[in-house]
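Mind having a look at this structure? Questions to follow.
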Amino acid sequence: MSESLLEAWNRPPTIEVDGEGELLEVAMGPHHPSTHGVFRMDVVLDGERVIKLKPVFGYLHRNHEQIGQTVGYLQMMPYTDRLDYFCSLTNNWAYALAVEKLVGQAVPERAEYIRVILAELTRIQNHASTIGFLTQEMGASGTPLMYAFREREKILDLFESLTGSRMMCNYMRFGGCRVDMTEAHLNAARKIVTGLPRFIDEFENLLTSNEILMARSQGMGVLKPDLAVNAGITGPMLRASGVNYDIRKVDHYGIYDRFSFRVPLGEHGDIYDRYMVRVLEMRESLKILEQALKDIPAGPFIDPKAKIRGFKPKPGEAYGRIEAPKGELGFYLISDGGTSPYRFRIRPPSFINLTVLEDMCIGQNVADVVVVFGSVDIVLGEVDR
Amino acid sequence: MGLGERSFDVAVDPELKIELGKQGIFVTTIQELYNWGRKSSVWPMQFGLACCAIEMIATTMARYDLARFGAEVFRPSPRQADLMIVSGTVTKKMAPQVVRLYNQMAEPRYVIAMGACAISGGPFKQGYNVLKGIDRYIPVDVHIPGCPPRPEALLQAFMTLQKKIDEQSLTGENRPRYLNVDAPGEFPVPEQGEHDLVPASNPNVWTVPVVIR
Amino acid sequence: MKTVEEIKTAIETAVSGAQLEIVPNGSPSAEHSLLVDAAHAFAAAKFLRDDAELKLDFLSNVTGVDWLDKETTEKVKVTRPVEKEVNGVKTMVDETVEETKKTVTPGYLEAVYHLYSMAKKHGPVILRMRTGNRSDKVELPSLTPIWRAAEFQEREVFDLFGIIFTGHPDLRRILMWDGFKDYPMRRDYVDPDDYEYEPTAHDDVLKRAQAHLAATTTEAAQ
Amino acid sequence: MLGEGLLKGLGETARNFAGSFVSKERLTTVQYPEEREPLPEASRAFPFLVYDGADWEAGLRCVACQICEKECPPKCIYIEKSKDKKPDYVGKPQIYPAKFDIDISVCMSCQICVEVCPFEAIKMDNQFELATDDRFGGLLYDRKELARSNEYYHKIHPTEAAEVDARLAEEKAKAEEKAKAVAAAAAAKAAPAMAAKPAEGAQPQ
Amino acid sequence: MTNMLDQVFVLLKHRIVGLVPMPVQPILGAVLSVVAILAVFPGLFAISVLLERKGLGRMQNRIGPNRVGPLGVLQPVADGIKALIKEDLVPYSADHVVHFLAPVVLVVVVFMGYAVLPMGRNMTFVPMDAGLLFYFAMGASAELSIFMAGWSSRNKYSLLGAMRAVAQMISYEVPLLLSSVVIVMMTGSLSLDKIVEVQNQYTWGLPHWFVFTPMGFAAFVMFAIAATAETNRSPFDLPEGESELVAGYFTEYSGFKFAEFFLGEYVAMLSISGLGATLFLGGWSAPLEILNVVPSWFWFFAKIMVWICFYIWMRGTFPRLRQDQLMNFAWKFVLPMTLLNLLVAGLWRFMGEGWLRWVVCSAILLAAYVLGGRIGMRSKKFGPRSYRYAE
């Protein structure tokens, strides 16, 4: 490969090291307290300035893809819970969508509504916790995180009463959902939705105009939109850079075309924009939830003719993707006609969003590295799979 | 750092003790004070691996509040921590680090294996990069099954650990491992070989019953 | 958006010498893909990204697939001269015999790229590349210079499947440790023997556990 | 003005601090061992085997069909079929599990075994307080440890258990009806045969 | 009676000292004072740790420690016992002597500061004329111990943490001193006893605390900021910023040495709160004239505890600043403000009695604060933003 071809490629800028200063190599991780989970960054520092950063993955590589190729289609469903363990329901949905695409299975209307409700609740709790963790990286002694988890517990209570488990829901099935969302569950969801705006206001009071947070996040970790597109960044991180790309709007998967909601966009592409885009997205999700909870029709929650287990799809392949809270989550399945996929591939948003970590961190202070890292919003279960 | 075989216990008849307690006189032994201090101030290490780490965080949060037991002081440095909660899947890439961290902790130290993955590899145990249980390399005090265990389950495990500490005596058979002069203080860190970790387990801490099927 | 056939002709006109093939998809999703030869893949990909109409600026997903050597046995009717005694005289007679014929189609490793357009909001266009075989001809051109998104994903494919992407700036193992020698996602990979304690084993696991037990008992006996 | 946001933040935490003394919403701690939130009915932890009646061994609904063993994603169930048969809840002689082990140190609480069981024999328990220091003994449950009575099932999942009971009763009724029909048919068949029998019997050998 | 209660400790000391022959009396007196400090302040340390853990808990909608002893009051005791029995690890490559000395130096130095603090009427252990200077000298020595700890550990994180800590403490020493100079200008004395005496007067029942004058208030705010940074408390707790630097300079310390650092940090916090209370909040003087019936030492400790509560409150609310921002803030905002404050203090002296000086001094300070804040935010390009949406 010639050098000229590489020109087109946007490599992270290299930084001139001034003076005689000794370079300090620091390995942050894999148990480093800041990396929520097991992730290592090999950082080269000039004083406190980062001049090189190489992420090291694989400390939580749990062979999801291999497992997906040995167990059946249904058996993989609970494993998808454990990919991005904050958002098991959206993972379920993405996987169900891919399998439904592979076998040509339709989903009843009520089930689609249930999926939307659960996915948006998941998005809210994920974003709230992410912001909590982000402030934790900035050194707040856990207060925003505690408030986020206070609300998260309410949402998890609903998930548990519906699906039986707080985190690992294993709820969606090909052609619908496992159990029906009864009126009691819907009322619980309505109660949560009416309580949430107050929580978001409280959250914003605590953080949005906080000068320390602004000083720590504005102008830090800037991601330019063209690089973001080229590097395949998706989700709130992409939108914070000002690119309007929301798969809910683009693919109209499920029934997202029925709801009116807006996509908040950032301008600077810095940490503060990423924070604000998440806050605003929570508010938009609340709008979707209000509409969905009002309109949910009666009907079957699963296609009665749908095959749940032991089916053998025709040889072929399908790629199903959704807008998970962290970005585009896709499942790519190749079937050879057997009871388990020939190739099972997960397209993890967290993993690919880390592509630009080095670009965002170079030239920054070492203390900002963890904050930039926190603003990407990753879950190691999904990064390493 | 053994304390020798001499007993520190001052024998106090338990009935007498209760009687004295009623009259406002509290009798205690060095051993009791020692164990009380150990069990009432267990500081976990700030260290999470996978899904269970989220439930561990949830345990420290407002609803469950691990702080009630005086254990909310998550120390980032292994030197100052007493308890390692192995919360999640230990992969073969991570296992040497976990053992190294355990070696860096100061005695008395405890390990809770939280969740199916930490105990046995759990649902991922047949994978090529997943260690089938952290107890292959380091001694584990309490196992919590569950995938992931509820926060209450972690609290219960925590109380189980406290009870276990309380029941230990400073001398004799029942003494904690670190008071035994012969017990190893350092555990060998496995190496990452060409196909697998070398060795695949530490035979000093991992002896398996044979299951014949 | 253009259909796959149209994209194929567009690439063929833009990149001279490119050999393209449409790989049909039998599932109801009917997302057919384009197989492009390794030599022209880079130019074709660059065209797909820069073409004003397609503008596939977003590489979503890179997948490695391992296709094993396929041994197909089919019954063929073969006509060949057979020596036969007809009425006491040996003569050569053509006779049709049914034979089972084994053909080995060599396996290959495949890289699949899912392309979308963020500017035009369309997609996907699926691009495939295949290696010559599974052992020595495992090189494919890297598309990382065109889409940064491929950087980590190609490293992952290299790590788990062993496809060598030429032109990748930083091709190292990403998920497994550096000293690891195998390619664990290949279908003929055998994982290391750590089956000491399998209380609920059945099927394959049971076989492994029994083998382990047998091995350890003989070891102990020695 | 510089510091405005900081003061706002201080106000928010002060509100929560003061609120924690008056409002339940701002003091959400449930003091676990003494207080507990009631678990929702759907809550699940690990599987158990349902038995009817008083004798757990005789009343196990499981017929060792091994579907759950095959469908279990992490393969944590081990079943050995019995050689002999015993009557099940309808009275039909069935194979029973001679061995039924679940390794709860592997189980991922996914509930798929419950979903696939055609005999309503395996259900999810909500008991989660299982921490133990016994790695090998304490985490491999055999069928005795797994067996729970139907009453227990009713206690933890009342609605679901009622549905299951109704369904089983219906099946049983159907089976009995069928058995009756079969018996009647057999009787009807037997009647001419009986009539013929004496004649046969009368025939000298 | 009131007087009796007020002077109870002084009288007690005299009574005990009187029991021994004359030549030994000064020595015994000193020993008694030292023992009193060593008994009271670690106790206060335990109380403030508990208060912190419980208060933070309440701010975060939870209860906090409540299991160990009734309502959790024995929690610090348990922590202490645990720290005592914990194995003491010293890294193999560490400099053992310095590694051992660092926490000892810290504890000794922070306790020295108490010698000059007036803890009640006639309750200064060493009534020094240059008490304030002595205090700052002792405060500055704490940096030495931190650097010893970081350097001797031979760990990158420790060293980085120590370097940060020293840089930060030196930077904030300047505004800390300069804001105290205002008080020295107003009283004309470096003696802390004198400073309290000046404040212990009342007009219409209200005290003459310096915090109630414009430049006194400004100096108080600056002093509070600098003191927070000086004691490495949130939002200036960078040296132990756990998300970047594991645990800062004491990463490699375990067991009782770690507990000593912990103790040293909190005792330093208590002592600097004591200094702040002495300088700005009237020391041991009562907040209202009629409250003079309550013993003076009670007011001193009450003010310390209020100050500590404020520390806890801030810790519960704020994220932390970054190193360079911290430095910028110290040198570009706090320092100019304190210098301006010196001018204002001079102006105050010069303008003489009357309402005019109140108006002028307040206006100057307020304008400088608002303007400085705005310019600072604009130059760093941060501020609130608005967002656009796509349909």
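Every chain is named by a letter (A, B, C, D and E) in the order it is written, and numbering of its residues begins at 1.
Note that in this section a contact is a pair of C-beta atoms (placed from the backbone, for glycine too) under 8 Å apart; a residue touches a chain by one contact, two chains touch by 3 or more.
Keep in mind that this is a model prediction, so the values were computed, not measured.
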Shared touch partners for chain B + chain D come out as A, C, E
Compute the shortest path length in steps from chain B to chain E over the network of touching chains.
-> 1
Closest chain to the centre of mass proxy, which here is the mean CA position = A
Mean-CA-position distance for chain D and chain C (Å) = 44
When the C-alpha atoms of chain A and chain B are each averaged to a single point, how far apart are the two points in Å?
-> 33
Could you state the distance in Å from the CA-based centre of chain A to that of chain D?
-> 35
Computed distance of Cα centres, chain E from chain D, in Å | 62
Give the residues of chain A that touch two or more other chains, as numbers and ranges in rising order.
-> 33, 58, 61, 63, 66, 78-79, 82, 143, 146-147, 150, 153, 168, 206, 208-214, 384
Residues of chain B touching at least two other chains | 46, 61-63, 65, 68, 76, 93, 120, 123-124, 126-129, 147, 150, 208-209, 213
Provide the list of chain E residues touching at least two other chains, using ranges where the numbers run on.
-> 59-63, 242, 246, 316-318, 377
Here the pairs of chains that touch are A-B, A-C, A-D, A-E, B-C, B-D, B-E, C-D, D-E
For chain E, which residues are in contact with chain B within the complex?
-> 53, 57, 60-68, 72, 74-75, 77-82, 84-89, 242, 246-247, 250-255, 258
The answer for chain C against chain D in the complex is residues 197, 199-203, 205
Given the complex with chain A, which residues does chain C contribute to the contact?
-> 25-29, 31, 33, 42, 46, 57-61, 63, 65-66, 112, 114, 118-119, 121, 124, 126, 141-142, 144-153, 160, 166-167, 169, 173-177, 184-185
Touching chain A in the complex, chain B uses residues 46-51, 53-55, 57-58, 61-63, 76, 88-89, 91, 93-94, 97-98, 101, 123-124, 126-130, 147-148, 150
Per the touch rule, the chain C residues reaching chain B in their complex are 175-177, 179-182, 184, 189, 191-194, 196-199, 201-202, 205-206, 209-210, 213
